[in-house]
Every structure is written in structure tokens, then in C-alpha cells.
Amino acid sequence: MSDKTNKPVSPISSVFTGQRMKRDSMVFWIAVAVLALFGLTIDDSYIRHIFILAFIWCIVIASWDLVLGYAGIFNYAQLVFFAFGAYSSAMISIYLEVTPLISIMIAGIIGLAVGLIVAIPSLRLKGEYVALFTFAIHLALPPIIQQGKAIGMGGNTGLLGIPWLDLFGYRVSPIDKLTWYWFTLALSSVCVYLIYFIVLRGRMGLAFIAMRDADTFAQAIGVNEYKYKMLAFVMSAGFTALAGGVYAHYTTAVTPKILGTEFFLMAMVMLAIGGMGRFPGAILGVFAVVIGNELLRSFDDYRLLLLGVAVVLVVIYLPNGFAGFFKTTPRNKRTETS
Amino acid sequence: MTQIFEILLGGIAQGAVYCLIAVGLSLVYGASRILNFAHGSFYSLGGYIAWFLVVGYFNLPLWLAFIIAIPILALCGIGIEYLVIRPLRGSANWKINTIMVTLGLAFIMDNGVQILFGPGTKTIPAFTEGILTLGGITLSYYKIWMFVISLGLVGSLGYFLTYTRYGQAVRAVSQDIQGASQLGINVNQVYALTFGLAVVMTGVAGILLAPIFLISPLGGWGPFLKAFVIVVLGGLGSTKGAFFAAFILGVLEAFVIFYLGPNLVMPAWLVVLVAVLMVRPKGLFGVWEN
Amino acid sequence: MLEVTDINVFYDDFHVLHNASIAVEKGELVAVIGANGHGKSTLLKAVCGLIPVKNGGIIFKQRSIVGSPAPSLVSNGLVYVAEDRRLFPDMTVLENLQLGAFLPDARKHERRNLEHVFELYPRLAERRDQLCRTLSGGEAQMVALGRGLMSNPDMMAIDEPSLGLAPNLTEAMLKTIVALNKEGMTILIVEQSLTLLKGMIDRVYSIEEGVVKTTSSNELQEVL
């Protein structure tokens, strides 16, 4: 009959709660500490700037990885949440004169709400329909932002003069790269830790692994797919909006460009090169792409073309991205048994 | 009253070109379950090839440009299917990977034409001018030709799929891949063929719409997004669905432009799409699982 | 006509068939039995080029066909009829049958083979314009077999034709298979209900955990 039943289920490649948790956490925080010290040793404010952007990207990509790589939802509206976060934090701090730290938080909450609004119709759909639907939202947003000029969204020129970050009385100018470096590093590492170590190694991570590796079985044992996917989607939107808020106050200007092809392409390349659903692949992808992108600056005209080529080649020749290097080979090959 | 007719006819003509773009997208998805995110870039590519031949370098007549562009487009499609898409087939994450790879291709093509021809918009003069007046309704000859050519191409595709043995094989592959291959149908050949056909159709649409919408490096994304909405509305993989959805949305677009302005076209489309998907999550004609 | 020697087949790194060998002579009706999941279907699919063979030899009509893709096997005269039928649900019965004769060689004999199929299964002639998704299990199996015949094969590998059929339908189905064999068709069949084929089978192989055993006539009596 069906010989498929004989096929061994590949050993679950992710690590559960408890197992190696302490060791991995230590490694993670040591890496963060090294990065924090590294910030001191670089004098070049441009290099610091690059790292600040990378830290902000880490939040976006980790959130995207949560939805796309772990929950398996083909969500391509990630930058929509980023844009919502950036615009809401900017507008709240400009028009309502709320201090940026609070407005960023509010942006995060708005992100959760937007995530919920996008998730409800998306999760009714299946597979590629989700990709089409969410990408359509992404592409439909810039015209809406232009229309939003009437309510103070700045239209094509965007919002300028966004207030500086105020850390309990200390106003952080965008030129104060070191403070920004530490601030974004701290925020980013907390978000990444929450996503990969708390959420994904908890019940939710287990549920996702179960759904990914044995969908029917997971449903049979009562994993509530809808609930977990919804949670992942909403959380991911919240984190991303938070990153958008930080970005707005760092650059002090947001324009519809954040929904342009360059940003989207960058995000895609990061995930493709890093590899989805396998920590720390996606995070390494962020650094590789941000640094690579800067190295390519001198070829400005060809930069986006080369990024495109990079995506295609990586997907074909390294389908698991950097994460492929971390793949543990299954120990018990059952070739001779049964 | 005549005005409403005029809008209606304009919408139908536009719908026919959208049909050309969307049917190809749907055909490829139906046969090989690949969502080609570079579809819009092929639309631009068609426009650029025609511009290159007609305006930019050679001053050829447009009909000759069509004849030259079609085999070039077909080769591009088949070549890309063979070199880029086929290696991914059967890999673990192939669904996400093909989306990624086609998006990557789109960026390569968009930036490639920008490097070659510059970021500015280009245009091709319409091959016919003048206006037809019939009972108070005016329609430009160009729109009529646009309608005829598009419908002709879509009609031939429909004929091919329904009445020829090879077309049946294409449908067979879209319904059961193993079933098709155990009958001796070369599945890879079908994939390549559908990809090539889709590229030709969207490229021709790009040429046809060039005099109206202009050609630019990122100009394919608009039509592509529209094709997306059409395909989803019609049901992924259903060429019949894409056909009807294209006309429905084309007419809707014409009325929205007239009464509410061009900026509200996409929001109006999305409202219709979401409304339909809430009732029929697989679109109007979608029957495929997953 | 068919000679399989020591083939090994893997799903990923799971070893399904171990040095499996079988032989089918021209005009024979050969059956393969065994419990579910022991590799019967795998054996048929491997022979018919639908899954890759790691090593070993397959010779069909004096030619090695290891590694040949399914299309070339079909044109050579070896056709596989799947246990799950694999019909095209949104096409009519007639279209499904016509696709059986997709390759040029088969197309030459299309008219004759179609008549033959309708003779064998008059029911399909009545339902020729019906979509396959609306057929009953028995009718679907008829289309699957008929579609195989349309390829104008020299040998058919039929995978569990009785799967999901009621006993009376199974009997009718197996009768037509026997009839086909009597007409000279070489058939390799995976089937559980061998009692119905009693006296018609030339040889039985049993598969246990991926190992093929030839069943002697004594054992065969026991099985039946």
C-alpha cells in the first residue's frame, strides 16, 4: 500500500526548552556584550551607523523569520508593519508631543493591532494566497500614504523633523552614534532573545515545529494551529512596528521609501542568505547583507542588480542559507534497521 | 447613458489586456504551482524590447517588433525556467524558495533595464490613431486593436488548452503530476512551455500598453499587482477564473477612475477581492487544494 | 520480457527494497503480494521509472531501463497503473483516455485501443463526457486501467486495482484483467485478493520488509 508510512520522520532539528538553553543563552549574551564593547572601539561614526541599521534590521528579520520560517505563514507584509510603526511613532511624537520613548511603545501596540487586522483575513487563506494578499497590501500602501497627506502623513516628501529620542532627560541627537549604537543593540538583543529563546523555545515553538514537521499529527493531538499562527503573526507585527518607531526617531525622517523595492529587497536577501526557520541564520544574514551592501556602495548603479543576483544564487546553491551550516546531521540513520 | 457605455467599453478593452497578463500568471501557477513574482518584470521587458526596436535603435515598424519580440520573450521564459526554477523543484522549501528566486529575478531585470536604458520613462507611438464614433459613443482605434489582439491571444491559448492534445497534457499536469508523467507526458517540458507562454503573453501586454502607460524600470509592478488581484479573485491556477476576473475588474476600474479618480482603483480592487475571499477563500473558480 | 535483478531503492536514507529480483515472461500474469508498507508499490514504481533505483539491473525487452524516465518507458511499452488511480479530476473520461495515448506511437493506435477499452468497459462509453471527479470508485478504476491500455503497452504494471472497491466490483475488475492477460497482455499485478485469480497466475512473489521471495507452488496453495 502506501510505502510513505515507512518513511522516517526526520529528527526535529530545533532545540527545546531547557535543553542547551542555558548554554545557548550564554553564548547569545556574550555575543551581545562583545558587540557592545566593539561599539566603543570603532571611532568611525559611519561604521557605527551601519551597525545601528543592522540592529534595527535584526528585529524586523527575526520577526519575519518567526512568521515565515517558523509559523510557515507566507506573509510578505512585514514592511507594512515597519511603516506603520515608523509613521505612528513619528506622528504621535510630532502632533501629540509625546516623548519618543513612549511613542515608540505606542507604535508597537499599534503594530499589534495592525497585525491583528492583517492576520484575520490572511489566516483564512491558504498557502500562496497569503503571499499574494499580504504582498498586495504592501504594494497598495504607498498610494494610501500619499493620500494620507490630508491627515498629516507628509505625502511623498514624508515626515521630517521627527523629535530626537529622549532617554530620561538626555536628548539623543542622531549624531550621537554611540548612544544610538547601545540603545539599538540593547533593544534589538532583547527582541531577538524574546523571539528565539522565550517564544520559540516555549510551547509556541514546539507547536510550530509539530505543525511544520507533522501537520496532520499536530492537528490530531490538538495543537490549535489558528491560535498559534495568530499569536505569531500579531507578535511579529508588534516587534516590527517597534523597530519602525526606533528607525523613525533615529533618521528623524520617514518617507514612503521604506516601502520601496530597495528595503523590501534587502529584507528578502537577508532572510534568503541567512536561511529561514533556523536560528541564528537569519540574524547572520542581516549582518552579511548590511555589510555587503556597504561594500557594494562603490558600484552604486549595479548594487541592487548584484543583490538580486545574490538572492538567486543563494537560493539555488545554498537553499538553507547560512543556517544550512548549522544543520545537525541526523544521528541515527535508519538505513539498516527494519 | 452614452457615457456609461463608453466607460463600460473602455473597461472591457482594458480588461482584455489585464486578461493577457493574468492568464499567464495563472497558467504557470496551475501547471507548476509556481508564483512568478518576476511576471511584471517580463511585462516591462516586453515594452523595452519593443522600444529598443521601434524607437531607441532601429526604427522598425511596430508589427515587426512584435514578431521579433515574441521569440525573444519565449526564449527568456524557457531559459529562466530551465536555469533558475527547475533546480529548485523538489527541494524542501521550494515554495518559499521559488517566491524568493522569482523576486530576486524581478530585481535583477528591473535594475538591469535601468542600467541599460536609464531610469526615465519611455514610450512607443501607438500604431494607429483616430477615433471611432458610433451612436454617440467614441472609442479610439488603438483601444479596439488592443482588445482584438489581447482577446485573440487569450482565445488561442484557450483553444490550445481545450482542443489540442498537448494543451490537454498541460491541463493534465496541473491536475495530477504523477498521473501525467506515468502516461509519458514530459512534465518538465510542460513547465517550460507554460513559463514561456506566460512570458510571451505578459510581454505582449507590455508592448500593447506602452503607448498608454509608458515604460519604466519599475513599471511592471503595477500591472503585476493587478494581475495578482485578478488571479486571486478568479482562483489561483484557474485560467477561466482569471479570464472573467480580468473583465470584472477592468470594468470596475473604468468606473472608479471616472467617478472617484485613479488613486482609488487599487483600494476598490482590494475591497472587492477581500469581500470575495471572505465568501470563497479560493476565489471565484478556484478548486485546487492548497 | 522483464527481468529485475538485485535492485535497491531508498526513500531518503530509508532502505525500502533490498536486492529485489523478479522476472516476468511474455504473456504471463505475475502477482506480487505482501503486507502494507513492505514495498510492493515501491517495486512497481521503481520498475516503471517513477522513483529512482540506487543500484541493480532492470531489463525490459532485452534493454536495460535503469534510470530511464517514465516517458521513455511508456513509449517502450511498459505502463504503470497507479493504486490511487491518478486520474485528472477536472477532465472528462474521454479526455483521460485520450491522454493515455499521448505519445506518438500510441496515437497511431488510438482509435482501435479506444474501441477496445469501451468494449471491455461499456460503462465508460456511457460516461465518456462525464468529469472524472464525479465517478464512483469502480468507474475510476476502469478509467485508470483503460487509460493504461490506451498507451498501447506490451506490459502493464497494475498496482492494487481492488483498493477501495467493494468485493463484487473487485471481482469484476480482476476478471477483466484476466481477460486482458488471455488476450496476450503481459501483466505484473500487486493484489491482495489472490483467491479470485486462482489458477490464472503464473507466478507469485511475496515481499516482506523489502525482501522479495519467490513463492513455491506449495506455498502458493497455502496463500490461496
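Think of it as A, B and C in the order they're written, each chain with its own count starting at 1.
We adopt the following convention: a contact is a pair of C-beta atoms (placed from the backbone, for glycine too) under 8 Å apart; a residue touches a chain by one contact, two chains touch by 3 or more.
Everything quoted here is computed from the prediction, not taken from an experiment.
Participant: Can you identify which chains form the pair with the largest number of contacting C-beta pairs?
Facilitator: A-B
Participant: Closest chain to the protein's overall Cα mean, using per-chain Cα means, please.
Facilitator: The chain sitting closest to the overall C-alpha centre is B.
Participant: Between chain B and chain C, what distance separates the C-alpha centroids? Give it in angstrom.
Facilitator: Centre separation, chain B to chain C: 41 Å.
Participant: In angstrom, rounded to a whole number, how far apart do the mean CA points of chain A and chain C lie?
Facilitator: About 51 Å separates the centre of chain A from that of chain C.
Participant: With centres defined as the mean C-alpha position, give me the chain A-chain B separation in Å.
Facilitator: For chain A versus chain B, the centre distance works out to 32 Å.
Participant: Among all residues of chain B, which ones touch two or more of the remaining chains?
Facilitator: In chain B, no residue touches two or more other chains.
Participant: Per the contact definition, I'd like the list of chain B residues that touch chain A in the complex.
Facilitator: The contact residues of chain B facing chain A are 29, 33, 35, 84, 87-88, 91-93, 95-97, 99-101, 103-108, 110-112, 114-115, 218, 221, 225, 228-229, 231-232, 236, 263, 266-267, 270, 273-274, 277-278, 281-282, 290.
Participant: Can you check the complex and tell me which residues of chain C touch chain B?
Facilitator: 48, 50, 69-71, 73-75, 79-80, 82, 85-91, 95, 98-100, 102-103, 106-107, 147, 151
Participant: Under the touch definition given earlier, write down the residues of chain A that touch chain B in their complex.
Facilitator: So the residues of chain A in touch with chain B come to 68, 74, 121, 124-129, 131-133, 135-137, 139-140, 143-144, 146-147, 261, 265, 268-269, 271-272, 276, 301-302, 304-305, 307-312, 315-316, 319-320.
Participant: Quick check: in the complex, which residue numbers of chain B touch chain C?
Facilitator: Listed in rising order, the residues of chain B that touch chain C are 165, 168-169, 171-172, 175-176, 178-186, 287.
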